[in-house]
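Next, two complexes with subunit A in common: one pairs it with subunit B, the other with subunit C.
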Partner chain A sequence: MTATASSAPIRRLRRARRRLTPFQVASALVVLFMAALALYPLGTVLVRVFVSNGHLDVSGLRRTFDEPDLGTVVANTLIVVGASTGIALLIGSLLAWVNERTDARMGLLTEALPLVPFLLPPIAGSVAWVLLLSPGAGFVNAWLRWCLAKVGDHTFTGPLNVYSWFGLILVYTIYQVPYAFMLVSAGLRNVDPSLEEQSRVSGAGLLRTVRRVTLPGVLPSIGGAVLLMLWSGFGIVSVPLAIGTGANIHVLSERIVRVLTFTYPPDTGVAIGLSLIMIAFVAVAWWAQTRILRRERFATVGGKGRRATPIRLGAWRWPVRGVVLCYMLVTTVLPLFALVIVSLERFWSSTIPWGDLTLDAYRTGVLHEAIARKSLVDSLELGGIGATVGVVFAAIVSLFVVRTSPRVGRVVDGAIKFPATLSHIVIAVGFVLALGGAPFHLGGTVAILLLAYLALYFPQTAVVADAAVAQVGRELPEASRVAGAGEGRTFRRVYTPLMVSGLAAGWALLFVRCVGDLTASSILAGPKNPVVGWKILQVYTDGSFSQMAALSTILTLVSGVVVVAVLTLTRRRGRVALGRRGAAT
Partner chain B sequence: MQETGLAVRSPGAERRAVVRVEALSKAFTRADGTVARAIDGASLELHEGESLVLLGPSGCGKTTLLRSIAGLEQPDTGRIEIRGETVFSSAEAIDVPPERRRLAMIFQSYALWPHMTAFQNVAYPLQSARVKRREIAERVDRVFELVGIPELRRQYPGQMSGGQQQRVALARALVGGGDLVLFDEPLSNVDAKVREQLRFELLSMQRELGFAALYVTHDQAEAMELAHRIAVMSSGTIEQLGAPREIYTEPRSRYVANFVGATNELTGTLARLDGDVAVVETALGEVRGMAGVDGLRAGDAAVALCRPERTRLARDEPGEPNRWRAEVRASAFLGPNLEHVVRVGEQDFRLWSVDTRQLDPGAAAWLVMPVEHVRVLPA
Partner chain C sequence: MKVFRPRALAVLLVAAAVLVAAAGAGAAKKKPKGPTLLHPGAALAALVKKAQAEGSLNFYTVPPDPEVRRVADAFTKRWGIKVTWTRFGTSDLETRFSAEAQSGSPGADLLILSNSQWVGLAERRGWVSGPKQVGLPGWPKGQIPIGYPKKLLTNSGSAIVQLQPSTFLINTNLVKPADAPKDWKDLLDPKWKGKIILTDPTSSPAFVDLWWAVQRKEGGIDFLKKLRAQAIRLYPGVAPLTQAVIAGEAPIAVPGVPAIAESLIAKGAPLKEVTPTVTNGPEEVVLLTNKAKHPNAAKLFAWFLLTPGGQALLNADPGVISAWDVNKLPAQYTRVDPAVSSKMKSAIFGAFGVG
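Moving on to the complex of A and B:
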């Protein structure tokens, strides 16, 4: 069976080929298109570092390093991203452990609520925190002052200030926690619970078991979570734009947006230089993670998907539940509350005028304001089209990758997914350079936004599609082929119905991402092609808080309703059709 | 056991070949860059109405061979014909896709589509073949009756037991009425009792309907019961192809002998050949046995093999060759027979005896390997 390279190679005559079906041709075209969309803008950025107008030119790079505060900006970025990643990892892992391993879990509540910040578009979340924690009119500050006044301490501002390191790191952290929660939860589910039970039986206590067995088991997941958080942290744009500016704490991503949109003429040279620094950071994080994973053996696979018998916390059960509920209340309900209230106020004030709430902001600020209305419509359209195209393409690419030869599959997979994993903001810069001017002239159009969203969020959608394809497995489609069905019929009657619920989740995720995007939109959108994220930022900068809150509320509501609707619909459908999937799978 | 008579009456070689495989090879490149030969020059013919079992340990290439015939894997070199039509040929660059090979296959997991009812699952091949709707209903009903599960029509696979799923998979394979069915270890996912029952039904179904069956398994008992002929595979090649009785009693290699049943082995060098009888010089002295292959030469490393049920114990010294004084080490009741383990010199031997007398550990006895039941093979 085994023959090393030294033995005679197998003589390959002509490789027998099957005729290409229309389905395969279509798949190949989709794959090529997505690969071009991912690689071309990134390639443009890399080339433009050294070449400008056909000449060797590194002046942009030089100007970047001549920026007087470059060191500060880089240091700020590292501090904010590093601190928020660390804190988020701690919170996310604890939430995951409580939900997966202890009797303090509360079903769907602890399973899904930590993920809700994903639904709150970052720009809406960021401004919500401003509304809560701004030193003057912030709701939380007002309440705290009211409490302090009871003990005789009268002040007019503070005690908390969102425009500070504290505020910046807090909001970054809230947006990072879901990643840690998601990955560590998955890791815990994969660790065979009997490994932990064996440790307990062998006389190790709870803490010792966590330290010696559980932690090493989920280390790969933790590594993955850290990488994901670093990567997303470097790319976050909304938080530093909304909060960092006020705090006078500048970071790389925000600086890139600033030199491209807030300065005239836009300094692409510096934007490219800064992008290069960003790529370097992400690359280092990525390299470190692969090192960690290589050292740790994947001893985690095993078990039969059996859920662990929950650990009894005894008297600690309710206190733990209380803390968990408090966390979720603070991170999801509180910001939503702030947005809704301010959107109903005539102007933002820390004392809520309960008798004088009005829908004026929705009427004059959204319905009768041309650009706001257009931005909302455009965003919904972009979300709908982007999500649909993205999910269908992702399914086709995933199928293509699993069915083509492993080597080609790996190359295609990498080519399509890798660029966007470098940094969203860099890809967005690439879109400005590659498609904004000649020969495409897509600058200021909805099309460039659509393409950018597709490129940016494709990897995440592809992960969902990969899982959906993997869930179908190999034998079900093969059985269809053997039963006389061709590629098209197999796709229609076996792949599609089996992947629908997985793909619907991917669709919902992509829709939310597109509708709430500010990464690409901060650079690519403008008065000619407004989208909601961009408009919220504009209005926020102008200081019309009620209008901003109204837009954010609508955006959040739409995202939430769409996701919940899609997930419940497909869940119900899935359950009827699949029943209990028995021993066969 | 009434089927044994049928099994012996193997369809002869004069019948038409449904599948012909010629010099098929397929190699995989592993992640570390080494090349693994899954199939290495395998050739075989499957005749009309015949049941041929590919038997071998996991990783011997039997499933790859089966999947290549189905068109689910693409071999590197060689040729496959189905009903006289070339469906794969590396030389002519032909590779017919699975849906045009007109065969049926039962997968290890049964591969029932979980979003379709049993009826829809079974109707699928007919729909693919564009059979008329009314005829589909009739034929599906008939095949449900045939496999004995008419009540399952409206159920989803997730609501069935493993045995029921297996029957639906069988129904789906038979509904087309084709003359060729491939089986990829279809019984490995059900428990022992159900497995026995299904194996028996499968056997009578195959003999009754007369389709040609190519069946992959690693279970030698299953192979013995189901096969007209068995192909024992090892490392991508077919080691021996023959009727079950021949494979068991006249293995042509040590590997085959060991794979299809338990053996007692004595290794040594071939001393001489007395006609059919080969004499092996071993640590326990000369052992005489039937030469298992042609071309054995004096001085070659050789092994003498004898099955536990043919190895005997005697109280008094017998008057035949291949006898040794032995000491009983253990004796266990296994139900149908007793297993004794006895020791001669440094080596243990196993014997199976229908005689139900237990022997005490430490008792002395004579161990006999009757010459006609000892086979001498290259070591």
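Moving on to the complex of A and C:
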């Protein structure tokens, strides 16, 4: 849309820019609140660790570099996180492209199923893959051996082994794909499809159009996805604990947990030192993403709304669908199947006792267990509230960062995002120290969990919001301001509808993270503020895989329904908004 | 006329003396010279009154839910005091409680956790106290009650309430009873090469104590290296290790913990526990929080837990031993001072190729 530039509206716009609006004040307060939430608890821990008798004590950092196998652990981390991020980006982007741009899409099936691995709490997901691919008793290995026996190959273990580089990278990748799928899907929905159509009409082939038009258009989303995947990849703890230990492959996140909880006395200095190494890598990715967003050479939402006409794949349609369905079968149906079967067994057994399956774990572990029920309900409530507050705040903070001076923007952005790269246990301990006692007395309350979840997972949502804000561009908001709308109204009427599908992805992300959190909850939850991640961890350490599987299955189903409902609803609204805008232009 | 018979008189006198002695002995049983947890007298009634006024109690525990639930239910039934608890691994409990204590707002009134160096540190920092330091009904401050095994008091005064000798876990579908290894040296038999799974020794301080005791009796760190060479892989905790051996990942798993294994055996898991002669295991102690919100309810619960009745409830599962039944410990159960064993931590971790 091109605004007719008369001098009066431009003067009005300039005056409005100079004035401090209520929206700007509210934005600044939100930014301050989120920065305080990220920095205050962390500062409390840092002071305790690095200030001794009023003097700076950096011996903890020195000890970090004295760790004998530090080089190996860092290299392992880079291999696992780097490989899984690369593979996940490829798979996630292809799935998103098939779903958004081709006639191979299958509605809700291709829209929601790639997200399911994301809904499984990481500890349950890791255990599910152990149940499937353990060399001796894994379900998949048992079936493969049965098949091999038919052709005369009688082996007792394998042929697959989850306790290996293959297993570790596989499970990391499966947990990373939803990030790429969500962000690239949202990006594709926001890129003006007419550009791709014009490219094709002008004679460019499919690959050339993807390379020259689609990819540059979704570059902010790809940048955001890579950052998110690196971020989450460095922070994953359950997968390296459950699988890396058996494979003798140790990574930074697992080492941090060990020095904090399995070392006497807990070496918080080394934990922070190891976290700083992770921060350095994430900082490089963050810097790259900031460069991409600030270049603004990618396509943004134009003034004319149009829906994409699906690319016809012809003879390739069903083979592509077959590959997509195979991927979903392997990454979604199989782990869920393993968990459901074990939840119906009395204990994990590679030969499924079909005649002896029981609902005992659901009855005793969930239905008749008051704390388990309460933890499930409380977690869903916390997830809903946390995700809604977080996503609105993330949109406000992203706008603030984009519209303020680059230097202030970078400081604010970094201050809010980077603390969460530290070990979640360190931050959770910081919350107890800073807010558990006087004067806040939030220990054992739902409020401390909500605040901790916001601090820990807000940055990931902010990355999603950054991509959404970047894709709105400047054209429409400026038109709104020139037409006389205030900041608040422009946010409500222009930014929000255009960012809704990106923000819905952010909501889903934050919801799932809040509901499935294990690490912070293990420090902050209790009988007065039980949450399901904490309960799952308790059941796991008690040794009942069946009860853990039952609780995880219910959690996955419930949060799956919530996430699919929200994504479907916001997508419809987004289409309605685009349709209206298209009709108006 | 009846004749006086000295023999009859003598019999009567002896009988009277036996009766008097027996009565005396009974009286001695009822009124011992020193304090006793079983007969705490008026102190208990006074404490009950204060505890009931507090109305509730919250504690952190390492022993699993079913075990503490039995004690908590009996406690609530008897005195009407509501009990809630949170179950952790020892390390997680220590991390969480340390943060809470430093913030000045501990979340639990009482702790039941494995004895480790942290217990001494927490006591020195004034976060927690053992029963000997605070005093309970029938357990005056600074003394030891009659009948409670003195050796089960730790250096700092906290009292052990549960012992769990570590075991070998045997999958009964894969190993015939006669073939099952009985002792540590049997595990080095070449026939078990690649058929053993172990727990990562860095995953709990209790494993350092166990391997310290084993290597001391079995010829040093070399034994641990040979054992590691026999094993296929390490697991991140006893829970996944136990599940894996039941599923058939390997015929033998070491070390097992009775509280986890027995609950699965009760569900029909093909599992058998073998207790080696030299063993050790988590020793759970009870500690009272110094800034507890419900200090009297905590004291009453600690008292109840330490009585033979409370101990029987906590330690009802097979393989789990009460403080009042120390004679049931395996012949060569080795008590380990965590301060001593921790000096060999690096060597032990090195033998297993971890840490």
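As a working rule, the second predicted complex is superposed on the first by the 317 of 585 C-alpha atoms of A that agree within 3 Å, B and C clash if a C-alpha of one lies under 4 Å from a C-alpha of the other, contacts with A are read in each partner's own complex, and residues count from 1 in each chain.
Here, a residue touches a chain if its C-beta (ideal position, glycine included) is under 8 Å from a C-beta of that chain, and two chains touch if they have at least 3 such contacts.
Computed from a predicted model, the values in this text were never measured in an experiment.
Enquirer: In the overlay, answer first, second, both or neither for which of subunit B and subunit C A:475 touches.
Expert: first
Enquirer: Touch check for A:55: first (subunit B), second (subunit C), both, or neither?
Expert: The answer is neither, since A:55 touches no partner chain.
Enquirer: Quick check on the superposed pair: does A:150 touch subunit B, subunit C, both, or neither? Answer first, second, both or neither.
Expert: Neither: A:150 stays clear of subunit B and subunit C.
Enquirer: For A:245, is the partner it touches subunit B (first), subunit C (second), both, or none of the two (neither)?
Expert: second
Enquirer: For A:483, using the defined touch cut-off, is the partner it touches subunit B, subunit C, both, or neither? Pick first, second, both or neither.
Expert: So A:483 only meets subunit B here.
Enquirer: In the complex, go through subunit C and note every residue touching subunit A.
Expert: 58, 64-65, 84-89, 91-92, 94-96, 98-100, 102-105, 107, 116-118, 121, 200, 202-205, 233-240, 242-244, 246-250, 260, 263-264, 267-269, 342, 353-355
Enquirer: Touching residues of subunit B toward subunit A in the complex: what are they?
Expert: Listed in rising order, the residues are 25, 27, 33-38, 40, 59-61, 70-72, 74, 76-77, 88-105, 107-115, 124-125, 128-129, 156-162, 165, 172, 176, 182, 189, 235-236.
Enquirer: Can you tell me which positions in subunit A touch subunit B when the two form their complex?
Expert: The touching residues are 1-5, 7, 9-18, 473, 475-476, 478-486, 489, 493-494, 497-498, 577-585.
Enquirer: Could you please specify the touching residues of subunit A with respect to subunit C in the complex?
Expert: Subunit A reaches subunit C through residues 48, 127, 130, 134-137, 163, 241-242, 245-248, 258, 260-262, 264-266, 346-350, 425, 428-429, 432-434, 436-438, 441, 443-444, 522-523, 526-528, 538, 540-545.
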